[in-house]
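Look at the two complexes coming up: chain A is in both, with chain B in one and chain C in the other.
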Partner chain A sequence: MSGDKVRLNTEWLCDCGGCHVAIVDLHEKILQVVENIEIQKCPVLTDVKDYPEADVGILTGSIRTEHDRHAAEEMRKKCKTIIAFGTCAVYGGLHGAGLAHTSEEIMDYVYKTTPTTKTDFIPDSDITGLEHVVTPIDEVIDVDLYLPGCPPHAHFIFESLSALVEGRTPKAGQDTVCAGCKRTMKKTEVAEIVNSQDGIAEDDVCFLSQGYICLGSVTLDRCLAPCPNHGIMCTGCAGPTMQILSEPNHDIRTEVSERMARLTKIDKDTIISHMEKSAKTHYAYAMATKMIGNKPTFLIQQWIADVEAGK
Partner chain B sequence: MLEMKIKEKACRGCKLCLDVCPTECFIFNDETEKAEVSVLENCIACLSCDYICPSGAITHNNHHVVANFYRNIHFSQRMEKFL
Partner chain C sequence: MSKTIKIDPVTRIEGHARILLDCDDAGNVNEANFCVNELRGFERILVGMEAVTMPQVTARICGVCPTAHHLVAAKALDNAAGVEPPPAAKLLREFMYMGHYIHSHSLSLFVLAGPDLVFGLDGNLATQNIVGMVEADPDLSKKGLRLRSLGQKINETIGGRGIHPVTAVAGGISFSLSDGQFKRLQELTGEAVELVSELAGKTKTLLFNLLDKNPVLLDKLNSESWYLGTVQGGKLNVYDGGLRAMDNSGATQPEFPATAYKDMMSERAVKNSYAKEVYLNMNGGEQMYRVGPLARINVADSMETPLAQQEFEKFKNDFGTPCHNAVLQMYAKLIELVYCCEKANEIINHPDLRGETRVPADFKGSRGIAHIEAPRGTLIHEYDIDDRGIIRAANMIIATQQNTAAINHSLKEGANNLLAETGDETLLNGLEFVVRCYDPCLACSTHAIGRMALDVEITRKGQTIRRVRRK
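What follows is the complex of A and B.
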């Protein structure tokens, strides 16, 4: 890819659009990028309807509609290298939590029964149909590279794109969010889990030490830890760490509970049970991918059934 | 020779590595509030510290690597492709 500019296509599937905005977050550095990259199709920048031949294709979002599937397949045909860009593309993303419900339930809720909805019909024209579940793009097309993050921080985007242009391996570590958090983890006498709405956490002490569920230790750092450093517990938006993904019996709830139980006086099983009851929140970003969905420890349907049965 | 390093900037001072190490390789520096490798010779490369560390701050080099006996195949096929 040396000599001529690298031709880039981007396409936007089912997502919030934040990943495309994140590319703009490169600020002045985007000038360095465009020195070497020719942006062809890019829904937020260029009015290109078809899919030109390209060296690199960035796909954001997951497959939720028939149009998403078509767009992903066209990108694969025309781009030499496909990057699954952002958590939705890599793991399915937040809306992956939709697998806990049928498409009919979701459509009925959104268009008919939400308290703020005034209509009572489901639109049936002009939009393509909703697929049965959310699918990460690598289950539909071959993916060459993965860059998770919600969205990935500009630091990682720049490093990845630069490495790709220069033909080198990007310097993307496997640190967790905790590695970039400024809070100190210390052992405390805290005996109960605290919900975020029920208390105000101290600024310089780890959330786990204070009894708040924070997913920093089980989340890959593709963000530079802005949330915990500004008083918000990590919700795991960049997806699980390599350790959780590679080890079948390591899981988000088992790792958080292991650490939290050692830092506080809260029993490990209590933490596990608490996290299972709110599993749709804790596993939301990555539950659509088989990397999590096929784990023997991941029993989301059972956890939801237990909550509904009042267990 | 076996090497074990703690990325000082990433260490959150939780002392979990001191808790789980079966051979007492670590000490805690009260001034910096960070863990340090004290007796590397004791390390049996069980990697317990590596697994428990919330930050992924501990790395081992030149240790005896055993074959993976059961991993998440779906992810393992993709691991090298992560940026």
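What follows is the complex of A and C.
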């Protein structure tokens, strides 16, 4: 055990495991990282069973069960710096969309409603209890650094780990996904929103200009824009920009609609209404965070309930 | 039921789980349960989302096999729209998938199971991990890790991203390869083919050494079950084909399409786990079955590529059909790894690869069902889509879930053999090994890769009489 290496613990709460694979996906660069970092506890890689004292703790995933809450608290006690790593840790992540439903509703659906399930009960004995909602980790413990992304691109992971080794603050740009997008924004005569299944967009023109809803302009770049550069609209997986998080009256739909209305002939309110009707899609990754959930403009549970009721 | 042994949680598998053993007074295991502690409830969460985002959204079910969910979602949307993607799109999807398989099988063989192969089951825990393995056998470890990287890079070049790819859409693939991307894929594929032929022999030797040293594994892990896998013209296929089941004596059943899955499969909740068990409705009853590499090798008549076919023949010759031994899952995985590298090399040289990649696909007001072979076994998605393109109902049958019943059965057998003969540490390692042979991925069936505290609790009539902890 070398004295000058940065001691690292990682732990995995309620998530898909992709953030841990993302660290392995530093590929050749992982060797550079391992030179300067002593990996202590890390699911997958090591057999360390408890939580040793560490300089840096990476937490991926959100809080879904009592086990997750306990693990987050133990990590906080033992690690000097805690990084909330990945969109689930920072904002709750995709399963934060469970916010729109009670645990009971989810359990009923999974264990009683799905067509292939022949039993009619919910597992109850001897397993960790599900908490009522999905919680981003900073609502449970103090977090020192945030690295959203689903998962964050290797570029940002390497920069943040290098910075911690060198004892400096990581360079974290505030660019949106648009910064890395090769498409050109231009004014068009497009008069209606186009659903992706109803058309195939041109390759080099901004999706908004063509009438497709793309969240690139309201999403923090922690991905280097692979979606719009491969013909896919941004779905906001790294979570919203600082502007949206910090301004009470700005949110994803107000920002996108303003920008899109300027680029096209589509009316702003039409766009807002369209986005409310597919709120579960557009707010999927970040709806569990209070930074979004407590906005005065925010009625997501109502919008989702309306859609499900067929309104 | 007077004694309960808990192992909590099993480590070096993808997930949060533990083992519960219920024993009688004589110490025999009555019932073994592999318990899954997490649930995210995706089937419910998907309801109300735009169907068009399903390939991206469902990838997030699992960071270990995102490409399986990504592609099966796109296939389900094709099915709902009633379209066939153009030949180039099918090739690109399958190519992306070969990259993913190379990554996933290498991760499983070299990172997760690798330490057992290199150090054996009684190795020193402090070094029984990939870091220790790199020191003990740098050549195997580095080449294994390199192969994983190559697979992930192939996946990323075609999928836009390695983890949670984005380019498979209803009707095809959302972009066409540039010359630069094509050249990169040629290089990655070429290197993968070279590496896998070096690694295959060595890995096989290590596996057989392990079996020689632990004959109990080969003798006692032969729980019989049915098998389910996918074949195309009788050949093993992981991207598309008919679903073929085999009974425990080796008789194959008529192939069926994914669209018939509701008649063919039953899910059952169990009391102490969030993961449901799945049974095949065949021969007038509910049959316990397995999916994954061993199941696929069992149900297939042959392999599509030459090196994989050679290994396949050796496997069949040595272990017969069906091979019930869970430990040989690793050998089966190795054969598939060889196949995927060879298949990727075939696709990169296919004349149709650079053609048109997408056709229009309108899936509104329709229902889509599709399946794919995820690295760990058959995966089925079904969506009910309304007139606005919103998901109204969703159902999924996940690979690991289908193995739950068989895992429990193998654990019971393994525990009964290990309990009497061995000390705590060997028991713990042995049971973990049994579970890892099935390579369960709990991110999929509900959640989490884990190697954490191992905790055995033995109770008699509700009272703890002994507790063993491994730190």
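As a convention for this text, the second predicted complex is superposed on the first by the 295 of 311 C-alpha atoms of A that agree within 3 Å, B and C clash if a C-alpha of one lies under 4 Å from a C-alpha of the other, contacts with A are read in each partner's own complex, and residues count from 1 in each chain.
Keep this in mind: a residue touches a chain if its C-beta (ideal position, glycine included) is under 8 Å from a C-beta of that chain, and two chains touch if they have at least 3 such contacts.
These figures come from a predicted structure and were not determined experimentally.
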| item | value |
| --- | --- |
| A:205 touches, of chain B and chain C: first, second, both or neither? | neither |
| Contacts of A:45 with chain B and chain C, given as first, second, both or neither | second |
| Touching partner for A:299 - first (chain B), second (chain C), both, neither | neither |
| Which of chain B and chain C A:262 touches, first, second, both or neither | first |
| Comparison of chain B and chain C by chain A residues contacted | C |
| Touched partner set for A:193, first chain B, second chain C, both or neither | neither |
| Contacts of A:243 with chain B and chain C, given as first, second, both or neither | first |
| Which superposed partner A:140 touches (first chain B, second chain C, both, neither) | neither |
| First (chain B), second (chain C), both or neither touched by A:185 | first |
| Contacts on chain A seen with chain B and repeated with chain C across the two complexes | none |
| Chain B to chain A touching residues, read off their complex | 7, 9-10, 12-16, 19, 33, 51-52, 54-57, 70-72, 74-76, 78-79, 81-83 |
| Chain A - residues contacting chain C, complex | 12, 14-22, 24-25, 27-28, 34, 39, 43-50, 61, 64-65, 67, 93-95, 97-98, 100-101, 105-107, 109-111, 114-119, 121-128, 130, 150-151, 195-200, 203, 223, 226-227, 229-232, 235, 237, 277-278, 280-281, 284, 304, 307-308 |
| Complex contacts: residues of chain A adjacent to chain B | 83, 138, 143-148, 156, 160, 163, 170, 172, 174-176, 178-181, 183-187, 206, 208, 216-217, 241-243, 245-248, 250, 258-259, 262-263, 290-291, 294-295 |
| Of chain C, residues touching chain A in the complex | 11-12, 14-16, 20, 35-45, 47-53, 56-57, 60-64, 66, 81, 107, 111-112, 125-126, 128-131, 148-149, 152-153, 160-164, 166-167, 169-170, 174-175, 261-262, 265-274, 276, 278, 358, 360-364, 388-390, 395, 397, 443, 447-454, 470-471 |
